[in-house]
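Below, chain A partners chain B and then partners chain C, in two separate complexes.
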Partner chain A sequence: MKHIVVIGGGIAGIEVACELTDAGHWVTIIEKESNIGGKLNNWSYLFPDFTPAEKIRESLQEKCEQKDFSILRETKIQSLERKNGKFEIQTSVNQQLNADAIVLATGYELFDAQRKEEYGYKIYDHVITSADLEKLLLPDGNLTTVTGEHPKRIAFVHCVGSRDEKSGNHYCSKVCCVTGVKQAIELKKRLPDVEIFCFYMDLRMYGKHFEELYRDAQEKYDIQFIRGRLSEASEKIDKSLLIKAEDTLSGRPLKMNVDLLVLLIGMEVGKGTAEAASACLLQCEDSGFLKTVDSFLKSNQSNSDGIFLAGSCTAPMSINDTILHARSAASEVNKWLKLMN
Partner chain B sequence: MKFPPSFILPFTIGLLFIVSFLIVIVGVWISQLSKIDKSRIIHNIFTRKTLLAVHETFMESLLHRKIFKKNPVLGYMHMSLAFGWFLLIVVGHIEAYQHYQTLSIPIYKTIFMRYFATHQSITLGGKMLAASMDLLLLFVLSGVLLAYYKRFNSRAFGMKKTTQLKTGDRIALAALWFIFPLRFLAESVSAGIHHNGSIISQPTGNFLASFLPVQIFEMPLWWGYSCALGLFFFALPVSRYMHIPVEVVMIFLRNYGIKVQKRIDGFSRIQIYSCSRCGICLDSCQMTHAAIKDTQSVYMLKHLRNRKITDEKLFNCLLCGRCQTDCPVGLELNSLRITQRIESTRDYNSSYEYLRNGKIAISPQTQVIYFAGCMTHLTPAIIKSMKGLFEEAKVQYWFMDEEKTACCGRPLMQIGQYEAAQKLIDNNRERILASGAKKLVVSCPICYKVFKEDYAIPGIVVQHHSEYLLELMANGRLPVNKMNTRVVYHDPCELGRGSGIYHQPRLLLDEYAEVISIKNEKEEAFCCGGSLANTKIQMAERNQIREKAMDEYVRYKPDVLATACPLCKKTFAKSRQLPVHDISEIIYMAIQETKPSKLREEQQLKNTVKI
Partner chain C sequence: MKNFGFTVIKQRTIDYDQFDGRLLNEILENEPSFKVCLSCGGCTATCSAGDLVSFNIRRMNLMLRRGETSELENEIQKCMLCGKCQLVCPRGINLRNVIMLIKKNVVKYKSLSK
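Presenting the complex of A and B:
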């Protein structure tokens, strides 16, 4: 029986582990947190069809209970060595694991919105991120401002920390456009009188049903989309926000007063992936995400033979794409192990 | 009448050429000065200022005191060449007067004295003069040797880089390298023949005569020496050695109070020609950290002199002023660059007519105006802290640019758009004066500099918030609470080198945190790399400059990097190696700490996101 170590117990890690267990291997997941599920735990409802994230979490949980693989919680990988065609792993809790193959599924981290100081996150009361908003969208979420009223006008800012040379991230995080559309619709459903404005550069509705959702947002929910980036926000005495932007379609600068500003934060490679990559001597792209051998047939292979990559440690990815990428990683691992025999 | 030997011709013609050339060109430059500057010369020429200029010429052009301070070996090299040569000429003349016993001697007879005066002086004075001439020549030769060595190994002189040469420079440099060795050989050979040498040339001459037919070598060597001098004089106008005569003129004019103007005039040409291309500015320039090696001041001046400046080089500069601090000639490098930027951007002057046509907003009556600046609006934590501190000190103020105000004008000035900037200045000045304020507090050093220097707002004290908060604290209007946070303070270019504010921020910070003193601070401080003055640099290059400075700060292991400029804060924050805070934030945080915990909790509760 072959032993495969999966680093990261998020969506990708669990999916890989399930597939490989089904194929008859012995799998161990190393997870740095006490809970599995990774970033899925941040979200309440998923685009494009408002599936409760809880539902996906439950089925993952169920799978974990049914399948016979072990999970080492609150554990990180310390070092990795190759010995006689096998891997020898030292963990942060001084365990030693031997593995025939490794799968990295270390995922991403959310962009720290405080790095765009001009938007005032954690400086102004009514500036929140998409991750903050997600928790408020649950049925028991409190959608009132500090004045105790519901917000009357809300603005979303797209591409916070993505496609932005100044914050050092040139790439597109892919999922924030549709997240913004989804959250705007949800807010409008909860607070039908609210006015919502989305400030965007481009709206990239690349996935199944995304474009339809965007059309609904405009036609059914009367959400306004303004092409232009926000330059700055300032807080007024009543804690409402004055935002300055440019409407690049009409070619005019604009100022607007809003009660709530939502920053659609992007994905970054994060410390966990960077640490695991350096322990495994893996190469990174300029963006920090891990390098795959190619973008087509070998999108699960790292530069190191026997170490495979799954999910958003390779690039920003939606949950559905992550699941597919993880399954393809499992199939690649299988093929490789057969070849090695 | 006996004709002098023909070998003196190259020297004599060269000397005539260079003297007339210099008289003409300096005359043209002085004629181009403004009327005010010309009257400055007339009014000051017979005052103490001339003596000061003589003193400065002696200290800088001859002794090279500033280069000495920077690097003793490099200083010695320049001093031995300049001061040594100068003394050779002076002592040579004294020796000639003493020898010929007359004051009317043709100049070639003093320069080539050892050829003409074929008998040794018999007086003690004459002997001593001859001996000192030999020693002086040795002194100069030691400098020449160092110059040879520096050309091939500049690192030995503590210089990482040395300037590239042009053809004119090469000819003049070669001539300069040959002048003194040839003189020494010619004098030694003559001493070998006529026994008219002194303590060094005579033994050398005797030695050479012991195995060489010295008679054959005498004329060619004197010819060589004369040619080298002549060549040097002819190459001088097209070489960097023009700085030798022009720098002296510049020192006198500068002492008379003449400065670089906002247009290219005679004085800016004089400054341009005064650059010796020593290359010290290359070492202080942080652009080299991003591998940008052809836009530094020395090259800008070279291109300005040859009238071949491109926008690519002119605008690829942070205007941080580090080169100006280090320039041994004391050239106004930032002003010279801005002057050329004004010339280069004349065609695309923005109109800002809407400011003139629109109504000027009414100003409320106030004692204190707060002007945050556009950069500070991108760092709202500073505005929040300033608002808190005003409240703490119970100051009534008018936040002039809270919602809408024209830019201060300084970024436009940095890229040469003075006319456009003036329109913004006029607009803002009217609003400031209408408020009846006595004080203008500014959070951004870029704005601070322009308010202080270019706004004519009599009766209004302009203060950067670090000065203002220090004053509030000293008057007991802000509580003091020294935290044990270790802080490195980064001097912003426009506040430090630009406005000379080094001590107030440190005095203030010292009351609230532990300030660590570092190597590159005050006049020597780094630029953050974010400067608005550079319109050509790439973001990746800015990042390289920033990281190099940040690496230096991290070595001192501070808890916080403090600065007093929103642009520096924003730039350094991107590095993520250290937490970066403006001085106002640190003081606000320290004061918050002194509040009773219940109040603080309330404050914090208020600040947490409830929605």
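Presenting the complex of A and C:
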């Protein structure tokens, strides 16, 4: 029996582990947190059809209970060495694991919105991130401002920490456009009288049903879209926010007073992935995400033979894309193990 | 000339075949960062001059790229070189240098085309 070590117990890690267990291998997941599920644990409802994240979490949990693989929690890898065609892994809790193949599924981190100081996150009371808003969108979430009232006007800022030289991130995080549209609709459902404006540079509705969701936002929920990037936000004495942008389609500067500003933060590679990459001697892209051998037929292979990549450690990715990428990783691992025999 | 009451209507179409790219090319050669503008308008939103007069620095790029350089000479005088646009720009364009290059070259190419 072959032993495969999967690093990371998020969506990609669990999916890859299930597939490989089904294929008859022995799998061990190494997870740095005490809980599995990764970033999925932070979301309430998923785009594009408002599926409760809880539903996906439960089915992952179920899979973990049914399948016969082990999960080492609160554990990280310390070092990795190749010995006689196998991998020898030292963990942070001084365990030694021997593996025939490795799958990295270390995921991403959210962009720290405080780095865009001009938007005032954690400086002004009514500036929140899309991740903060997700928690408020749960049925028991409190959607009031510090004055105890419901917000009357809300603005979303797209591309915070993405496509931005000043944040050091040139790439597009892919999922924030549709997250903004999804959250705007949810807010409008909860607070029918609220006015919502999305400030965007481009709206990239690349996935199945995304464009339809955008159309719904306009047609059924009266959400307004303004093409322009916010230059800054400032807090007024009543704690409301004055925001400035150019309405580029009218070609004129625009200012607006809002009660709540939501920053749609992007994805970054994160410390966990960077540490694992350096322990495994893996190459990274300019963006920091892990390099795959190519973008077409070898999108799960790392530069190092026998080490495979799954999910958003390779690029920003939605949950459905992550699941698919993880399954294809499992199939690549399988093929490779057969060749090794 | 006798005034017959007719006016010659200037064509509204951008005639790309008449495009004179010399000024644009001179600027791009000396400040290549200007190539990557994505027209987000962050510069115009924060512009100190744009609050007071109709000055739109984002449109400078478009005007140059469409060969509409006749208004540029006057427009560019409105900039006070405060540099806030440069702080905001998500593509890190050196806008101060762009403005200086336009100022320097706009007259040169105007006299050449005469």
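Convention: the second predicted complex is superposed on the first by the 341 of 341 C-alpha atoms of A that agree within 3 Å, B and C clash if a C-alpha of one lies under 4 Å from a C-alpha of the other, contacts with A are read in each partner's own complex, and residues count from 1 in each chain.
By definition in this document, contacts are C-beta pairs under 8 Å (C-beta built on N, C-alpha and C of every residue); 3 or more make two chains touch, one makes a residue touch a chain.
Here the structure is a predicted model, which is why all the values come from computation and not from measurement.
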| item | value |
| --- | --- |
| Partner chain(s) touched by A:D305 [first = chain B, second = chain C, both, neither] | neither |
| Contacts of A:L143 with chain B and chain C, given as first, second, both or neither | first |
| Partner chain(s) touched by A:D238 [first = chain B, second = chain C, both, neither] | neither |
| Touching partner for A:K166 - first (chain B), second (chain C), both, neither | both |
| Touching partner for A:E212 - first (chain B), second (chain C), both, neither | neither |
| Contacts of A:E118 with chain B and chain C, given as first, second, both or neither | both |
| If touched residues of chain A are counted for chain B and for chain C, the larger one | B |
| Chain B versus chain C as contact partner of A:E81, first or second or both or neither | neither |
| Contacts of A:M201 with chain B and chain C, given as first, second, both or neither | second |
| Contacts on chain A seen with chain B and repeated with chain C across the two complexes | 118, 165-166, 231-232 |
| Residue ranges of chain C in contact with chain A within the complex | 38-47, 50-51, 56, 58-59, 84, 88-92 |
| In the complex with chain B, residue positions of chain A that touch it | 115, 117-118, 120, 122-128, 132, 136, 142-146, 151, 165-168, 231-235, 242, 255, 260 |
| Touching residues on chain B, where the partner in the complex is chain A | 377-381, 383-384, 402-403, 539, 543, 570, 573-574, 576, 606-607, 609-611 |
| Touch list for chain A against partner chain C, complex | 118, 159, 163-166, 201-202, 227-232, 244-248, 251-254 |
